[in-house]
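In the two complexes that follow, chain A is the common piece, with chain B as its partner first and chain C second.
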Partner chain A sequence: MSRSSLWLSLIVLALPFTGVAFLLYETVGFDWSELNEAAWRASLAVTLYVTLTSTFLSLVIGTWLARTIYMRRSMWLASFLKWPMFVPHVAAAYLFYLLFSGGFPVYGLIEANERHHLVVILTYVWKEVPFVFLMVVGTYGQLNPGYLDMAKTLQLKPLEQFRVAEWPFLIKPLLDSFWVLVAFISFAYEVPALLGVTYPELLGVLAYERLTTGLFLNAFESYAVALAWTLFIFSGVIASYALTAKRRRRIERGVRR
Partner chain B sequence: MRRLKQFGLMLSLIFLAACGTTRAEITPTFEQAAEEAKQSTVNFYMWGGDDGINRYIDEYVAPRLKETYDVELNRVPMDTAEFVRQLSLDKRANREEGTIDLMWINGDNFRNAAEAELLQGDLLDKIPNAALLNEEAQATDAGTPTDGLEVAWGNVQFVMHYDADKVKNPPTTFDELHRWTEENPGRFTYPEVTDFTGNAFVRHLLYAEYGAAAGDGEIPDAFWEKLATWSPTLWKQGSTYPKSLAQLDQLYAAGDVWMTMGFNERRAEAERNDGVFPKGTRALVLEHSIASTHFLAVPFNAKNPNGALVVINELLSPEAQLAKQDATYWGDGTSLDLTKLDAADRDAFLKLDDGVTYPDPERLAERSIPDYGPAVIDAIREEWDRVAK
Partner chain C sequence: MSRLLVACFVVFPFAGLFLTFPTSPTWDEAILNTVAYVVAVALINVWLGIGTAWWLLFTESKWKAWVEWLTFLPLFIPVLASMFGMYIALAQVGLIGTYTGVGLVLLVTTLPYSIRLAYNAMYVIGRPLLEQSLTLAPLTRIGFVLFPLMKESVRTIVLFSTVIVLSQFVLVQLIGAGLVPTVTTRLYQAYGGNDVSLALQNTWVLVSLPVLFYIGLGAMFGIWIRLVKGRLQ
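Up next is the complex of A and B:
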C-alpha cells in the first residue's frame, strides 16, 4: 500500500470518529429525558416504518432483478437498470412530487404528503433498487455455477436450491446494502421534507427543524438524536457483522478456490 | 522526523496567527468610515430566497456603492438562523475576525443575537441617514427593543391575497374566513408555524380571539381546539401543511388553493405582472394586520465594520429606499419617515402607491397592530403540533 493511500484512508476513517467526538462534546450535560416528547416518539416510529419498509423492498426487488438478469444473461437490461442511480435524490423527490401531487393520471390512487408515506417509500425503492442490484449482480457474476448444478442434481426444490447455492453468498452484499440504506434513509432530509407530512416528521426532518429554528436551545436535542442514532447504527453494523463473521469467512474461502 | 517537526511548527504558527487578530474598530465619524472603507469589500449575509430582492442588491445597490464610495458589495445568501448560529460559534471560540460584515435580521433571530451579545451597538449616531428613520418602526423588533443594535431597513404589513376570479365574495374578518374555508373545502391553507409567515397567520387568529391580552405567551386550550376545527376543510384535509411560504405561493400560483399571504403589502404585484400569480390576484385586508420591520445589523467581529456603515447609510438613502419600494425589484415598504423627507422625495414615494394588488393604504394603516413579543411566537411553535396531529 502506498503511503498516500494510507494517509487518505486514515483521514477518511478519522472523520466519523471526530464527528462522534464533537457530538459527544455538544451533548455533555444534555438532559436526555427531553427527547421523551410526543413529536420525537412519533418521529422514531414513522422513521423505523419508512426505513425498514423501503430497505426491505429495495433488497428483495434488487436481488430478484439481479438474479433474473443473471440467469437470463440479458445484460443490456442491466445497463438500463442503473439509470435511476444517477438521478439525485432531490430530483427524484421532485419527480415523484410532480407525479403524485396532482394533475397526473395516477393522482388519487396514492398521493404525496399523506400519513402513510407511501410516496416517500416509493421514491426510495425506485432510487435504491439499482444500488442493491449493482451490489448483488457482481456476486452473481462471481458465483461458482457448480453449486447450483449440484443442488439441481440433488433434485432440491427451487427455494432450497436458492437457500443452499445462492443465499450464503448473498449475505455479505445484502448486509452491506442493508446498512448503507438504513443509515442513509433514516436520517435523510430532502425526500421526506418534500413528500412527507407536517406531523409526524421523519427524524432527519425534525432534527433539522429543531436545529435551525427558534432559539438554539433546541439544537442540543438534534445533536443528541444524531449521536444516539449514529451509535445505534454503529452498534448494529458491528453486531450484525460479528454474528455472521464465521459463516462469511467460511464461504469466502470456499468461493476463492 | 524532520517533516513532523515542520508540520508542528506550521500548526503552531497557524494557532498564533489565529490568536493574534484583534477586532476591527469603527471610526468615530461617518466621513472617516467612508475613507477607511474605500476599495474594501463588504460581505452582506442575507436570506436569498427571493429573486426580486437579490436583483435589487446585485443590480441596483452594488453598482451605486462601487460608484459613490468605491466599496465592493458581496451578497452571501444564507438562512438567517444559520448565520446567527455561525456567529454564536465565533463568539464561543473567541474569533475576533469573522466573515460577516453586515447582516439582514429581525424577529427572534435578532432577539437571540442580542441576548448572546453578537451585535455591535450605537449604530444610529454614526449613520447620517438614520436621522430620516421612522422612529416607531425603529424602536422595537417584534416586541424586543432594538437599543441601537440594528437599523430599520424596511417596514411591511401582513396582507392576504386572493384570486378574485374564483373567490366572488371575499371574507372581511377572520371568522368569515373560517366560514369561507368550510364552504370551499381544500382551497385554503397556511404554512407550518416553524415558518415565519405561518406563525404570523396563527398570531392573527390569536389576536382576533383575545386581542393584545394574549401577549404573555399563555395560550388558552380553547384557542387550539378552535384552530383544530379549521383542519378538516383545509388543503389535504389539514393532514399536512406547506413547509414554507414559497410552497404556499406555488400552490396558489398553480390554482390549488385560492389564497396566499405574507408580510409586504406589495409582494404580489410583480408575481401577478409576470404571470406567476393569477391575473385576478387582489389584496385582502381583514380586521387587523401585524406590522413588521426588518433590520440591518453589524456583527461583533465584523472584519469591515466601517464598510458596513457605508452600506447601511446607502441603503437608507431616499433614492435606494424608493427603488426598493418600487415593484420592479422588491416592492418593500420604506423604513423612512416620509414627513422627514423633502417634498420631491415624498411625492415620489406617494406616486408609487398604485398597483392592482395593493391594498388601500389608509385602510391598511388603520388596521395595523404591533406584533406580540417572542414569547407568543415560541408558544405557538411549541403547541401547534396538536393541531397538525
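Up next is the complex of A and C:
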C-alpha cells in the first residue's frame, strides 16, 4: 500500500522540480539586463516590504497567541482562531476589499488599493496567524515545563526566561513557517491583484501580467524572474537550515557530552 | 482584554459577507467543477498523504532522508513560479486547457502539506501503536486503526486541500487556458465587472464549502468510530 502511494507521490512532487528545470532551459541565453527596468525594481522593493512585514507580524502574533493560549488554557480563543483557516485566500481578499474599499467612513485611514499595501498586509496577517499558531502550539504542547520552572527558580527576567526555556524549541517551527510564508506571499497573485495598486505591483502580479499580455512576447522576462526568485528562496532555505543545523540537532537529540 | 481584541479581529472580516444580499447560487458548471475538484483532490491527498507518511515512518531505506527532503522542499518553491515552468512542461504533453492538467497541478500544490500533516500525526501517535496493525490487511488497517486514530488529521488534510484548491485563480486560469470555469475564476470576473452581489454569492460558496466538508466529515467519522467501538463489546 505505502510503496505504491510513495511512488505516485514522488511522481507528483517531481513536477514542481520539472517546472524549475523547464524554467532553466527557457532562460538559457536570456539577456538578464532586460530585468533592470524601473517596474521590476519597484516591484522587488514592494514585494520585500509586503512579504517581510506580513511574515514577521504573523510569526510574532502567532507565537504570542500560541504561548498565551497554552499558558492560560483559553480554549475558546483557540477555537476562534480556526475560523480564518476555513476561508480561501481569494475569498479573504474579497472580504477585506469589501470592508476597506471606502464603503465606511471609519476606515478612511486604511484603504484597499493604496500604495502602502496595508490591507494586503492585513489580509495576509489575518490568514497566516492561525497557520503559525498551529505550527507553534504543538511545540508548546510538548515543551517540558521543567525548563521554565528552572529559569524562574534562577530568577531570570521574563525575556530571559523566554530566551533560554522556550526560544531554542521554537527555532524549528518558526524557521519552517518563515520560509513557507515567504515562498507563498512573495510570489502570489490573488490577494495583491485584488487589493494592491497598478504601480508598483508585487512580483507575482507583474510576472503573471507580463506573461499573459501581448501574446506571450514578454514571457521570457516572467520566466527569468520566476526562476531567479525560486533560486533566491532556495538558497535562503539552504543557508538558514545549514546555519541552524547544529542547534536544531542538539534540541532534537538532547545535549551529549 | 487583549484576547477579546484578538477574537474581534478574527471575526470582524466576516462582516463583509453580510454587506449586500448575495444572488442565490445556481447549480452550474463552475460549482460542479469546483466540487468535483475539491472532492477528488481531497481524496487523493488523504490516500497519498497517509501512504507516503506510513512509508516514511516505517522504512529502513537509506533513501529516507532524501525522500523526506523531496516531499518537504516543494513547500518552499513559490507555487506561481513553479507553475510557469509546469505550464511549459505540461504544454509539451498537451495537458494545457484540460481538466486533467488542472487537477494535476492542484494536486501538486496540496500534496506536500498533506504528507507533512499525516507524518506529524503518525509521529505523535507513535510507531509502537501503529506497529500493532502491521499484520492486518491494508483495508482493515485503514478502516479500523488508521482512520479512527487519525480522525482529526484526516479532517485537517481535507480542510487544507479544500481551502488551497478554492484559493487558486491563476493556476486554474493558466493551466486551464480559461476553459475550466470554477467558482474562484468566476469571482474574479464578477469582481472585474463590479457586480458585488454576484461576487458575494461566489464568496459565500468559497467560505461555506470548507465548513460543510469539515462538519460533514466530522459527522461521518463520528458514526464510523461508534460502529468500530461497537466491535469492542
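To be clear about the criterion, the second predicted complex is superposed on the first by the 244 of 257 C-alpha atoms of A that agree within 3 Å, B and C clash if a C-alpha of one lies under 4 Å from a C-alpha of the other, contacts with A are read in each partner's own complex, and residues count from 1 in each chain.
Keep this in mind: contacts are C-beta pairs under 8 Å (C-beta built on N, C-alpha and C of every residue); 3 or more make two chains touch, one makes a residue touch a chain.
Please read all numbers here as calculations on a predicted model, not as lab measurements.
Comparing chain B with chain C, more residues of chain A are touched by C.
Once the two complexes are laid over each other on the shared chain, residue contacts for A:Trp83 go to chain C alone; chain B is not touched.
In the superposition on chain A, A:Ala242 makes contact with neither chain B nor chain C.
Legend: residue contacts after superposition of the two complexes on their common chain; A:Val20 is shown touching chain C, with no touch to chain B.
Judged by the touch definition given at the top, the superposed model places A:Val28 against neither chain B nor chain C. In the overlay built on the shared chain, the residue A:Val197 is in contact with chain B alone; chain C does not reach it. Contacts of A:Ala39 after superposition: chain B is touched, whereas chain C is not reached. Of the two partner chains placed by the overlay, neither chain B nor chain C lies in contact with A:Leu159. Once the two complexes are overlaid on chain A, the chain A residues touched by chain B in the first and by chain C in the second are 212.
Across the complex, chain B meets chain A through its residues 79, 81-82, 84-85, 88, 108, 112, 192, 194, 236, 239-241, 243, 254, 256, 377-378, 381, 385, 388-389. In the complex of the two chains, the chain A residues touching chain C come out as 1-6, 8-10, 12-23, 26, 65, 68, 72, 74, 76-77, 80-81, 83-92, 94-99, 103, 126, 138, 179-180, 183-184, 186-190, 194, 204, 207-208, 211-212, 222-223, 226-227, 229-230, 233-234, 237. Against chain B, the residues of chain A that register as touching in their complex are 38-39, 102, 111, 113-115, 193, 196-199, 209, 212-216, 219. Those residues of chain C that touch chain A in the shared complex are 2-3, 6-7, 9-17, 19, 47-48, 50-52, 54-55, 58, 67, 70-71, 73-89, 104-105, 107-108, 111-112, 115, 120, 138, 159, 163-164, 166-170, 174, 184, 187-188, 191, 196, 199-200, 203, 206-207, 210-211, 214.
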